[in-house]
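Several structures are given next for inspection.
The two complexes that follow have chain A in common; it is paired with chain B in the first and with chain C in the second.
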Partner chain A sequence: MAAPMSSVGKPSAERSPFNNTSFQKKTRSKLISIPGTRPSVQNGQLLVSTGVTSLDYLLGGGLAVGTVLLIEEDRYDSYSRMILKYFLAEGVVCRHELYVAAAQDNPDDILQELPAPILDDVAMHKPAEQPRLSREPPDALDAMKIAWRYQNLPKVQTALASSSRFGHYYDVSKTMEPEIRQAAKCHRFYLPEHPTQSSPPHSTMLESYSALLKSLQEVINREGFDVAAPMSNSRNILRIGLHSLGSALWGDDLCCHDNPKNGRALTTFLYGLRALLRSSLSVAVVTLPSHLIQDRAIMGSITRLCDNAIALESFKGSERETNPLYKDYHGLIHVRQVPHLNCLASKLPDHKDLAFKLKRKQFSIERLHLPPDLSDTVSRVSRGELAGATTVASACGSGSSGNKHLDF
Partner chain B sequence: MYTELNSILNTTPDSFTQGEFVLLSDRQSDASFLIHHFLSLYLRARCKVCFVGLVQSFNHYSAISQRLGVSLTQAKEKGQLVFLEGQKESLSVLIPQENDTGSQAMDFLRDPSVGLKSLYEFVRSAVSSNAVLDFSHYCRAIVCSQLQGNVVMLVRCDGEGEEDEGDDEGSERLMKGLTHQCSLTLHVQGLPTGYCRDIHGQVEVCWRRRRGDGQYTQKKLFQYKVHDKGASFFAPGTSSAVL
Partner chain C sequence: MLPELLQGVDTGGLLVIQDSASYSGRHLLQSFINAALNREEAVHVLGFEVSEEELKDGLRGSPVQRLHFHNAYTDPLGWTDHPAFTVHQFCLGELTRLVKQTSHSKPAILVIDSLSWILRHVSTPDVCRTLQQLRKGGAVRSIIGLLHADMHQRGTVGSVCHSATSVITVEPAMRGDEAVAKITKRSKSGKVIQDEEIFRIKDDLTVLVQSKSSKGAKKADSEEQETDPTANLTFNLRLSDTEREAKQKLALPFVFSKAKKTALLHSGPGSGRIHYEPDANDDYDQEDPDDDLDV
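Up next is the complex of A and B:
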């Protein structure tokens, strides 16, 4: 209802200037440059990298600060977990703070599995390595036979500088070294270790989600990520990784029943998470076992509540694994939603048939390319095997796997 | 304010029907571009507007309205626009603090209404269907009948139409209840044939007027495309990409 402004009983803090959300046009306020971020070319939004450069491109240059990325997990939670680890590893390299919440695995285990960054041209401060450096050159002298001119140069730059590059590459076969990882500040939320509190009587959220939301708010306020907090010299980004929300381990029966009793618990939590993120300098990546959720309507509203949404569908274990058409790829990726922040139209990817493959040094997302079948006996693969989900009428990209079925 | 939509609805900033309850709904699509149309239309008509933003922040609407030629910050300063940040209020409900002064979310519902136009966006995540129906009835009674204002409400329905909703709280029930109460519906959907880059979807406009002897319903179907500075509407099949 409308009311004259003077009689609305709101505390004076609400009357603070308009820039009390993290969405600010670059021209209006002086944005302090935060390492690891860059403004978007489309609408001036502050972006961070997800750690996967091709995913950044798919999302329109990166993940906007203050938004949520929803990843619908593949069946065995292998690739969605990989993307979550990329996201956290990128946070470590860019010196952002991390917040990891999980109900299934200990957040420390997730943090120990982060992939090692490929740091050929990025300077990382390694305090433990410095005393060793002075002792190493005599041993290394023998090693350089061809590039002997370089043998007197120091091996690793010890200059303290955060990476100015946007998006890095990681080597999946190695884990991140503990020194680099411990340089980043991590907050953990492991549900079994968290004391259960009684939820307020009128709340539709579960205790676990309420506790998580409350913990998030505490961290944001305490560490100064709130946009309304006084601007200090150094602002940083908080990267939030929430693993496997909605699964039964969080106490939610969304994935267990056709008609869940707590149908709105997760959506309420996501709404609260979004409200938190919009008013702070943080980014969240949420993974969700959507293949267990039977109710498509709830899945639709969950997707709607998250700004970015992608779904991973891996070929592992399905009959497509042996299908020669898919031999180059590990799975399909569907872009369910791309946000339109501060602008009317959203930029959906032009192609709906995207596939991903996880290589050792890169997680690449490409358009699914079916080369023409030039063999003598053209085997006609039936449409049922090729086509994934049936086309859903939508302009907002609840897309099909839409392969180009070359029907000769 | 989209000029084509104005001609479809027979509205101009100087003349539009008072006391109307407009319902915007979408199914697997995004009808928020229509909210911007109505917001800029009412502001240009120099009405007092109360906007309850539950989905996005003020800056989002301000940035888009700037491109449509209306300045929300100026309107707010002049007192023409009251913007209620629903997200922040809802956070205080979802995370109850120890010293709650009592200004809970949705408290503004009880404030006396002086404004003429109200725009609402609803996210069905945390509010039950019954509450939304009650609230919309309350809005309509106060704003439309007593004050001769207009209410524009955006509701998202998520289920597929053919789904059999066993429980009472289905989105279908909410949609039917709201459609019954309103006088103008704009229903946004994706194209039935699938995703298209040049045509973002279709809008079904439905007028429900009460003539002397009964209800008179008129429906029209348009296709639309949203671009940076507005949206264009055209009859099905006459998109500029096709012709």
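Up next is the complex of A and C:
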């Protein structure tokens, strides 16, 4: 997939919002500068942030525009839904357009649950962002009695509120304010609102998927996300979130039976989706209840059809919840596929043992490391063992059992 | 948690009781019906597996005037000319009409005995869709269904339970008259609570929870109680009002007048400004002392 090129005659005159310096590279830039995106350092693709900075790092800097991220849901769909909400919230903050499709919950409900961004230097939609002027009421100056020299400086959040404007941080305990959310344009697709027509007998795709694909195509053409559309100065990215695709509520029996009749409906849909995305400025995140799919071959072909694929495995409800190895984390994350766009091979993540933890201000993905062993018996020897060992040592003097209990 | 579920399923909720051949969940289902009738709610039962007499026989002591039984036991597949209720009538329009024609003003509770029977004859996506539409529509307040988990493939059971708000899996316990219930409840905010209890159903269909099994102890996040540090001391750390005023009035050594403060704050051109960008080293979590361990 080629990075979206536009033959812009003159370099962009305005300062891109994510540069903090006044230095501008003097090139005849062929890349469109869209807020909230940046070119990849590896291959120059245009990347958008997923909303979770650790996930961006895992995927090689971000999600390339025109690709699909597949998230295999955890058992109770809590963390995959959280990542979908992060993705949509990032779109609101970067002023991209959103498209949400769901069969189970109303997309409006999903949009109302978006986490609140930690707005430190994101200067939009905040009315009280003007610097304090001298005609301020005296109460404010008395607010800081001793440290008054620091009054005018913005509050620095040590939880890494963004300074780079590529990835933002969100506070999960609060929901996004309606003013910020309504400023972003959202397209919705709620399956029960679309009456199912009978599909032609030889089509391999279900009506629900065809309706979704048609709606997507219509939105892309109408709003001008098509790369082939006439160039205008303001291009934007469309962020597509598809919730719980493949579940029984979409009319698909992929999750229900071991040998589903519509085994190829979802794969056909994903093929069509990827074709749509490659020719437009959009990014898609698809969540899939893969723990219900019994046929691993179909799961494999679904994974191959999406560019990026990760699987979330939450510890909730499994026997791993009480395992002391996992006590600091909420679940494991498996990277099933990394994209190779315009290249033969791509950079794989260094470690395979990754775990995630949902903190209030951050969804962090880390390499699984053992918690320090703080039990009492680690470096001390219990009296009973010592007594038993001495008798053995005197009898046969073998090294392995006796060494441990050498007592000087 | 079983008693709380018996008190009432939330509006728009789907409760699935999963049983198997080793222990039947029908008694628990009857307890739920009994509890709902005692709460003076209208209950509609779609009976596929047991006849009306057998079900009402189990509910001897309860007020049965609010119980409406739709007979799907005699002719579920419509082989005779005038079937009472067939399995093909399991769709939104028919069920809404059925519930509305006999119900009172309040939305009713729909009990399905059993979902397995319906799943044998109607495709799983259609069943899930109908259940979803029933929950979102206003005619039915909540749905309780009995599902025989060993009759279906794992994907089918998983799909039905995937959209359920609460799932109770019953299994036989050590003693004969007791059973183990594994409960999973999903709240609207996305929180998942799991519990495991041993229970026994008495003759009058009330559920007696014997004990919680050791594995099912739920860790509740409790708010830390703020202890007042100035209490229980041998000296007085609190301030009275006059003392507080005197403290406010005290002139601090380096305090400037307001004019000088504003002059210094809004410094003129040419003075330096500090740009601070927090980097990875600032992500030090105070609560986690091992954050910098490179294990």
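The rule we apply is simple: the second predicted complex is superposed on the first by the 299 of 408 C-alpha atoms of A that agree within 3 Å, B and C clash if a C-alpha of one lies under 4 Å from a C-alpha of the other, contacts with A are read in each partner's own complex, and residues count from 1 in each chain.
The working rule: contacts are C-beta pairs under 8 Å (C-beta built on N, C-alpha and C of every residue); 3 or more make two chains touch, one makes a residue touch a chain.
The structure presented is a predicted model; accordingly, all values stated were derived computationally and were not measured.
*Asks:* So, A:Y271: does it touch chain B (first), chain C (second), both, or neither?
*Replies:* In the superposition, A:Y271 contacts chain B only.
*Asks:* Is A:Y76 touching anything from chain B or chain C once the two structures are fitted on A? First, second, both or neither.
*Replies:* Once the two structures are laid over each other on A, A:Y76 reaches chain C alone.
*Asks:* Touching A:G317 in the superposition: chain B (first), chain C (second), both, neither?
*Replies:* second
*Asks:* Applying the touch criterion given at the start, work out whether A:H257 contacts chain B, chain C, both or neither, answering first, second, both or neither.
*Replies:* Second partner only, chain C.
*Asks:* I'd like to know which partner A:W148 touches here: chain B for first, chain C for second, both or neither.
*Replies:* second
*Asks:* Under the stated touch criterion, which partner chain does A:K185 make contact with: chain B (first), chain C (second), both, or neither?
*Replies:* So A:K185 meets neither chain B nor chain C here.
*Asks:* Is the number of chain A residues in contact higher for chain B or for chain C?
*Replies:* The larger set of chain A residues in touch belongs to B.
*Asks:* Where on chain A do the contacts from chain B and from chain C line up?
*Replies:* none
*Asks:* In their complex, what parts of chain A are in touch with chain C?
*Replies:* So the residues of chain A touching chain C come out as 20, 76-78, 81-82, 104, 134, 138, 141, 145-146, 148-149, 151-153, 156-161, 163, 192, 247-253, 255-258, 289, 291-294, 316-317, 322, 369-372.
*Asks:* Residue numbers of chain B touching chain A in their complex, please.
*Replies:* 28-30, 33, 36, 48-50, 56-60, 62-64, 67, 73, 79, 82, 85, 87-88, 90-91, 94-96, 101, 103, 107-118, 123-126, 139, 142-143, 156, 158-160, 163, 166-167, 171, 189-197, 199-201, 226-231
*Asks:* Going by the contact rule at the top, pick out the chain C residues touching chain A in the complex.
*Replies:* The touching residues are 123-125, 127-129, 132-133, 136, 153-156, 158-160, 162-163, 184, 186, 190-192, 194, 215, 252, 255, 258, 261-262, 264-266, 274-278, 280, 282-284, 290, 293, 295.
*Asks:* Residues of chain A touching chain B in their complex?
*Replies:* Those in contact with chain B are residues 1-5, 7-11, 14, 18-19, 21, 23-25, 43, 200, 203-205, 210, 213-214, 217, 259, 264, 267-268, 270-272, 274-276, 278-279, 296-298, 300-301, 304-305, 340-346, 348, 350, 352, 391-400.
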